[in-house]
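Comments concern the structure below.
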Amino acid sequence: MRYSLFGESHGPAIGIVLQDVPPGLEIDMDFIAAEMARRAPGGSPLATARKEKDAVRIVSGVFEGRACGTPLCGIIENTDTRSRDYTATRWLARPGHADYAAHLRYQGFEDYRGGGHFSGRLTAPLVFAGAVAKLALRQKGIEIFAHIRQAAGIDDRALDFAQPDREALRAAGKKSFPVLDDARGESMRQAILAARADGDSVGGLLEGVILGMPAGTGGPDFDENLETCLARHLFAVPAVKGLAFGLGFGFAALRGSEANDAFVPGNPPATRTNHNGGINGGIANGMPIVFTVAIKPTPSISREQDTVDMRSGEAAKLIIAGRHDPCILPRAVPVVEAAAALAVSGVPGVLA
Amino acid sequence: MRYSLFGESHGPAIGIVLQDVPPGLEIDMDFIAAEMARRAPGGSPLATARKEKDAVRIVSGVFEGRACGTPLCGIIENTDTRSRDYTATRWLARPGHADYAAHLRYQGFEDYRGGGHFSGRLTAPLVFAGAVAKLALRQKGIEIFAHIRQAAGIDDRALDFAQPDREALRAAGKKSFPVLDDARGESMRQAILAARADGDSVGGLLEGVILGMPAGTGGPDFDENLETCLARHLFAVPAVKGLAFGLGFGFAALRGSEANDAFVPGNPPATRTNHNGGINGGIANGMPIVFTVAIKPTPSISREQDTVDMRSGEAAKLIIAGRHDPCILPRAVPVVEAAAALAVSGVPGVLA
Amino acid sequence: MRYSLFGESHGPAIGIVLQDVPPGLEIDMDFIAAEMARRAPGGSPLATARKEKDAVRIVSGVFEGRACGTPLCGIIENTDTRSRDYTATRWLARPGHADYAAHLRYQGFEDYRGGGHFSGRLTAPLVFAGAVAKLALRQKGIEIFAHIRQAAGIDDRALDFAQPDREALRAAGKKSFPVLDDARGESMRQAILAARADGDSVGGLLEGVILGMPAGTGGPDFDENLETCLARHLFAVPAVKGLAFGLGFGFAALRGSEANDAFVPGNPPATRTNHNGGINGGIANGMPIVFTVAIKPTPSISREQDTVDMRSGEAAKLIIAGRHDPCILPRAVPVVEAAAALAVSGVPGVLA
Amino acid sequence: MRYSLFGESHGPAIGIVLQDVPPGLEIDMDFIAAEMARRAPGGSPLATARKEKDAVRIVSGVFEGRACGTPLCGIIENTDTRSRDYTATRWLARPGHADYAAHLRYQGFEDYRGGGHFSGRLTAPLVFAGAVAKLALRQKGIEIFAHIRQAAGIDDRALDFAQPDREALRAAGKKSFPVLDDARGESMRQAILAARADGDSVGGLLEGVILGMPAGTGGPDFDENLETCLARHLFAVPAVKGLAFGLGFGFAALRGSEANDAFVPGNPPATRTNHNGGINGGIANGMPIVFTVAIKPTPSISREQDTVDMRSGEAAKLIIAGRHDPCILPRAVPVVEAAAALAVSGVPGVLA
């Protein structure tokens, strides 16, 4: 599925146009609302206090409860855009944010309020579209999961790449703090609250798993390569700064004899290990697709930071006001799942 | 620049068609030959013994020594394709290779000889095209480097992301074993030779640096986002299983106050650190672009491995004959540079 | 500029997402409203009686009256969707319409009301986007015109392709019946009213002219070829069944000596005639771009027609109720201009 | 199928890279050679005297006689590029050709010899790729025909759009002068020979027919719309200056009651007439696809023509030497078929 994302954080509305939705697909609004709720702010001390219902209004592409096959547009009105005065910080580039780069890119005409088009808020329509993609993939027996693999340096329980625990993954997805091991999750939470108390934020890793991907889909070409397709969608998610398949960076210290996935007999055959994360040569080999994304710490922290005035280049001090997440990992989980769902649904032979 | 790569390892020829080459660009054949030589096999005990001149024949797009603006096609004949008998191993999937996945993808019609289209040999035309892209980028003051950041668990000297040493990077690129610190490089080499003596192979990390990227190029959209564009090209390179920008996976254990790149005054302003690897929101912020790719160990090892017969799914033992690299890192350096050059040259506003 | 069009005639809303709008472009709402008014129904006995304000709500991509460079989404609510009962005609394919083809394409899940996504109503957001494109093109000195070249077999005054009368074209665009020669226009109107009185409709030709197109833009490749770019956008307009450049089909009866455009000296040189419509090899040659589109008669006529029930394939009689244009030519003029503006604005080197 | 065409008329070679060829497709070299022969020069007083075997060398994508699924590259060496001296005419723009436009586009770096990349010779690899596409389409029951509809103002027999005579179309395709009615063909030939005797050339119309196109393929979106897909490929063919579907420009003078295609009962239903050429809303309706292209007269004529020196803009006289077709229509027939085959094979749901 192809999509066009639009909107700015403090503009009238944000939304998405989604193409190639299979005609007849039942648009399960409860499922979509549940997915949106997983990403929505306001439910936790770990997240921003901004409260928006994020109610998606579908204005096209759905007829009598089903996709009619034409482009599906979902719109979310921006209702809680406090009419805060940005005058004081208009020209101060927030470190770690896209403010300065966007200022150059758009020659000073960018909508700077709340990060504009670069706001994490734009992940709401992405989750909406991902939910639609998940509904379509589910019909094909494909399921997508993600969980917090690491936060503040604390690891979740390791997953068996060759035989990931589907039930544990499903359960994790329903938690407000989506980890496999709740005790480790609690340690992570404490570390996040400690960072918050320090006016700081933390980063981490998310692990994604795709089950049921048909073996033989994908290919070497850019537009069908599973790794490039997932990369294209995942690196478009704000705060993602790294992506690895299977062992990923862990391959660097291994030898071939350790890294290779030996085949085990069967019909179809499988591999004993799944270090390659289910993909060889850009093609699904029938094993679970496993990937990891690195999420940088929320750049918006309440501590004073060194910056510059973008007009003059002169030094300035910045204190970021407003509502921010000390850790976006829990809310990033459904976003990463959504990006993966959209990526996979566009690979030839998966949906059509 | 867009490209179409074609060819199989043991077919008549391999090559590439490269579009959007700036008319008038001088096609410096000495530079191209030097780039090809960096990737060519045959020069080292670390690499395969296959010897091919990899002479590129340019059949279109160049007139009187300059690009004429129309598609540029370079062809490399396959001259050293030993007429080896593949009968014994035709149906045995090599662990870690694309054989089995390709067998599914192409329904048994794949050219399996030497890995076919998935052979590392296909990186030769990629390096050719990358060399053309580098020539075009050089005219815009953009230079691309890569070096072995880690091999067999041994690290090269760390680079200052905010002020990478251009001369050291240039020098590394000319070495047969491209590292910044030769003593560490020698340790890596020893580790690779030890693996080779064991009939094994090693993986590692490559670090890439792009200097001179115009601030403000890129954008949030898939087709202009610097991170998605680089990811799209780099994950299409065989053996690449991970990609990170700036600190990448290192962000996971940091706090925002450590991770953020504070601005320092100037005209234009810069950042004190460059943890984001020169990219925010998919846009170049004027700092050096820094990325790391994870390369898995060469799957072709001489040890006996467990596999299956792809027809029956029954167990089999495989010993891979032929010529293979115990470590592809040195040869992967120019390939990664080429992929990065092609990615960057296609970003709007860079070349045109 | 790339765009995604969405919406169904009787769904909640229709709209468009427009990408690559130059940052800083002043969004002249008066101009946009005037363009929308040219297409809007309700003003003439020649057009449908459906009255909708077609007020576009811009929800993204504009900040403080200027394009901010991110995707611009304009939405038009469907307010006049009479809750008519479609039960009687739900399964009757309207001859000349997309009903039956869409029924097959969407497997019966299409939103059939009022033609759904295939309704001429979808040209409203197209005209909106075209107006934005025109604003951007105007800054580059590029102007786009269209007029009714022929209606009901009656010709407008012929245009000098080599030196089209800019003032006459401008004046035509402002007329409710956009022709160069009002006397001929009046004959056309009478013929249209006669068809209307017969419960019938008429077809015709529109002629488009692009002035100020920079010589040397375009190219042989699909994505830059001026003819393929214009064709791609113009054939996506409902009711367009033919497209020709310059003399077009008139070339068929000529000899090369009559057809060739001899060059006349100058700096830059020009051609004496402009039979090629300003394009050679897909590239603008500096002469005015001239094209003609064939518009089929409105398929919705009030006469009884032979059709089938799409479920059973059995014969049926159909009388189309509702509000329809006996001739869409006047309203198609701004639509064709919009499609041309969007096509041209996406050609490399025109806007950026 | 996507393709990249490369080469210049007098460069080392020309060729094409074709993607998405179905794995396992038998590459019938006899059929391909026969298709190439239909386009090849040298066989007739109507065509250029240039004699080239146009032998295609397939260098990738085929294994053991079948497509292996990876990009298929076919190369044709330029063996008959007479080392003629272009000095005298290097800077003289040939009227009706792309010389001047290309000179601007490529800033003077174009390979001007024999028209370079804009030479009709580039249609040879297009016919090759089209032959491969035809082989794939044939397996799906889709057949593509074209014939000369009009030459020098003389019409071929009209085709019944609703029930085109498949055998007559097949027979026409095998003729050296591909028309339905040989008596009319003979009149056309005489008119062409008369033009040739006058040092002149003629234009004409080609009619294309696609039989077996699955109903319901296509769609309103650019990338699936049958009309935009065909237009995109057909307008990329040199000398094509117009394209129409079904009645095309003939719609202009009709009323809706005459133009509409009434449905006739059946399973599936059909239409009595086929004025829409088998396409509604960009979607195949199950009737034959019928289109017409306008081909301008060969611009290369032997008469003296007025032109300019591209450097100075000063007046000059040009006499074009070399080998040229007084009428390209017979050779354009397989080219138009090839472009249509490539267009159709890329529509989602047709091949995969």
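Descriptive notes on the structure:
We call the chains A, B, C and D, going by the order they appear; numbering starts again at 1 in every chain.
In the analysis below, contacts are C-beta pairs under 8 Å (C-beta built on N, C-alpha and C of every residue); 3 or more make two chains touch, one makes a residue touch a chain.
This is a predicted model, so every value here is computed, not measured.
Repeating the B-C interface with over half of its contact pairs identical by residue number, the matching pair from A-D, A-B or C-D is A-D. In terms of the distance between Cα centroids, chain D is separated most widely from A. Per-chain CA centroids place chain C at a distance of 27 Å from chain D. Once the centre of each chain is set as its mean CA position, chain A and chain C turn out to be 39 Å apart.
With each centre defined as the average position of its C-alpha atoms, the distance from chain A to chain D rounds to 47 Å. In chain C, the positions touching at least two other chains are 19, 70-71, 105, 107, 117, 220.
Chain D meets chain B in the complex at residues 4-8, 11-15, 17, 19, 23-24, 57-63, 66-73, 75, 105-111, 116-117. Interface residues of chain D, counted against chain C in their complex, comprise 93, 95-102, 104-105, 107, 117-118, 150-153, 195, 198, 200-205, 215-220, 222, 225, 227-228, 231-232, 235-236, 238, 241-269, 271-272, 275-277, 279-286, 292, 294-301, 303, 305-308, 310, 313-315.
Taken in their complex, chain D has these residues touching chain A: 19, 70-71, 220-221, 348-349, 352.
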